[in-house]
Amino acid sequence: MKKKKAKLRKRVIIAVVFAAILVLIATFSGVLAPNDPYATNSELIRQAPSAAYLFGTDNLGRCVFSRVLIGARTTIASTFFLVAVSFLIGIVVGMLCGFYGGIVDDILMRIADLMLAFPQMVVAIAVAGILGGGLGGAMIALGITMWTSFARLARSHTLSIKNEPYITAARLQGKSGLQIMMTHIMPNILEPVLINALTQIGTTMIGISGLSFLGLGVVAPQAEWGSMISEARAYIQIAPWAVLFPAAATVITIVVFNYLGDAVMEYRNAE
Amino acid sequence: MSEYLLKIDRLSASYGDDDIVKDVSCGITPGEIVCIVGESGSGKSTLIKAIHGMSELRITGGSIFFGNEEISSLTVKERKKLMGSEIGLIPQDPGSSFNPIRKLSAQFREAMAGHGMAYDEDRIDGLLKKIGLQQGKAVLGNRPFELSGGMNQRIAIAAAMLFEPRLLLCDEATSALDVTTAGAVVDELLKIRESRGTAILLVTHHLGIARRMADNIGIMKDGRLIEYGNTEKIFDAPENEYTRKLIRDVPRLKK
Amino acid sequence: MTILSGKDLNKEYVNRDRSVRPLQHVDFELNQGEILGIVGESGSGKSTLLKVISGIEKPDSGKLYHMGKEYTGQGPEKTGKFLQMIFQDAYGSFDPRMSMERSLKEGSDESREEILRVIGEVGLTEGLLGRRPRHLSGGQCQRMSIARALLSHAGVLLCDEITSALDVTTQAQVIKLLMEIRDKERISIVLVSHDLALVSMICDRIMVMKDGIVVDNGETAKVISEPSSDYTRKLLESVITV
């Protein structure tokens, strides 16, 4: 039993280290990028990888390596922001629904059901299409379904602890519903909902990159992996590196964050 | 010395690092009722599990004999054969031994098939009647979750008696029940001993039940058997300070 | 003097086609400084009565009074000023993430000296204040919840099977503590339990409940020696003691 836990713990640490490296790269991508990711150069169109241009150049002669680095910032930052906002909205809505119940709970939960009735990507494409392009539109499109999973989870955990004696004891101490939610319920449901947020990071990245790939997310010339792949796939036979490297970056990042989410979840479940 | 049905000899058992049962020795003769009394963490339930043979539990020292056979060294599979037919178990939570959503008749059928017996509703009905359930056949058509705890516990006793074991192990068999039901279950266990000469090893935290039922009582504390003797002696002249404290702290009706 | 009373309390739960009536025309009175025992088996309505008295649940009909003033319909946020509850689940009565000190301070603005005094009174030491519930024993946890109730200066303690999860020896200590604080702090106690013997040892009066009805009610000695209902007699016969 203890051995198994130690093993799971090791997995979590490895996953955290890799995720931290990715986040650090994204944060300092401006410094790390050897070339200006937006500078076009008509003499260096579709150059194969070399010492000066590690990942080669694209159709406009831009440094793919620098663009992948800057793109990391776009993808990772927007994912984190989106997950954080959905998490906040979800946990607040879920807690209110679970704690007070009644008609508000019914209405909000039916809305959540409605959102879950369609595949997330289908809703996102429809909403992003209506809102037009742009990163903001893509984030709203993904967030509109994402908060529901946090809300459901927060609600069910709230329901399971709201009848614990310590909640009743707090009420007998004269605490209001809001005070009880802040001091007793929030801290006790935070952990499972946070872990769920971790597991959502990978999917959200796929979502943002996917929308950008479809032209519904980040607009040119801003660097983002999905839009880079989309742009470069037109000349994939001439300059495969312009597709290969942003695609590899996407896959690696998603695998790392999914692995992190799974590792943490398994570690917690083992307790 | 009389012939022991079950003999526990310097038994130690553990789930992990530390022994939960430490160097316990005692024995039961056929038809005898022995109660092991202790508080939570005393190791009394672990003792039952060691006899019954739970796979997670490791026997770290000593041995258990059933008749002349050493059962502590049997494999889990071999032990399973013995359980049920020779040794019956009545758990604390009767729900845990039944599947809550399957009809009892189906569960009885399966258990009997497992021991190579044909399903015999009249026999089960007879057993249920003996322990105070008149509508035996109707009850068998129910699922455990539809029945009360007391009802399920009686059915668990009937199920244990089905194979006419020579020894019944009871792990806090009455503590999840209401007082009036607990009293009835105690009476039923006494009747079983009366009519069939079944030996009973009962583990409980309830000294009152031990006094009502037992021929001999053992007191366990922190994994050790700290006092053992016949019931009158334990109550009239307890030797151990802890035993005295246990007896003193039992609530008594104030007349 | 009557500190808490209820008149003609009724409660019904309807679940699809089945209805349960855990309280049927229940009256009760709790006098100043008294320990009132409420005895019954599962489903007798004894725990529902305690929930209704505390304001956690509202009665369908009937009235509740504190010192002659009606408080029917008030939630625990208000009733907490004059009554506190001790629960069967001692560990569950404290937020698992909070230290004892934080939990004790939650509802009262008492000084640290006062907290230490009360902690001492319930037989605990200062060193336990920094611990979380899971690092206490069941008995210590139950003492802590009694301390918390005392700190809120409520005159009434409602105890719901507070010893049934405890060992016999711990139970004896907690019961002794209840009697001590009744004498010292002049509080009144309602003790709900399935254990008639236990209740008979410390209660001044006993109410016996069955299926939502009060079947026996009176001075302890009288209920024990000349029970007025068959059910009480049956309960008395079922008491297995040493």
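As written, the chains take the letters A, B and C, and residue 1 is the first residue of each chain.
Basically, a contact is a pair of C-beta atoms (placed from the backbone, for glycine too) under 8 Å apart; a residue touches a chain by one contact, two chains touch by 3 or more.
Worth saying up front: this structure is predicted, and the values here are computed from it rather than measured.
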- Task: Average the C-alpha coordinates of each chain, average all protein C-alpha coordinates together, and give the chain whose average is closest to the overall one.
- Result: C
- Greatest Cα-centre separation from chain A belongs to chain B
- Chain centre separation in whole Å, for chain C relative to chain B (CA means): 34
- Task: Can you check how far apart chain A and chain C are, centre to centre, with Cα atoms defining each centre and the answer in Å?
- Result: 50
- Intercentroid distance (Cα basis), chain B paired with chain A, Å: 55
- For chain B, which residues are shared contacts with two or more other chains? none
- Contact set on chain C toward chain A in their complex: 54, 56, 75-81, 83-85, 87, 89, 92-97, 103, 106-108, 145, 148, 152
- Which residues of chain B touch chain C in their complex? 39-40, 178-180, 182-183, 186, 205-209, 211-212, 235, 245-255
- Item | Interfacial residue positions of chain A with respect to chain C in the complex | 164-166, 168-176, 183-184, 187-188
- Sites on chain C touched by chain B in the complex: 41-42, 167-172, 175, 194-198, 200-201, 220-221, 224-225, 234-242
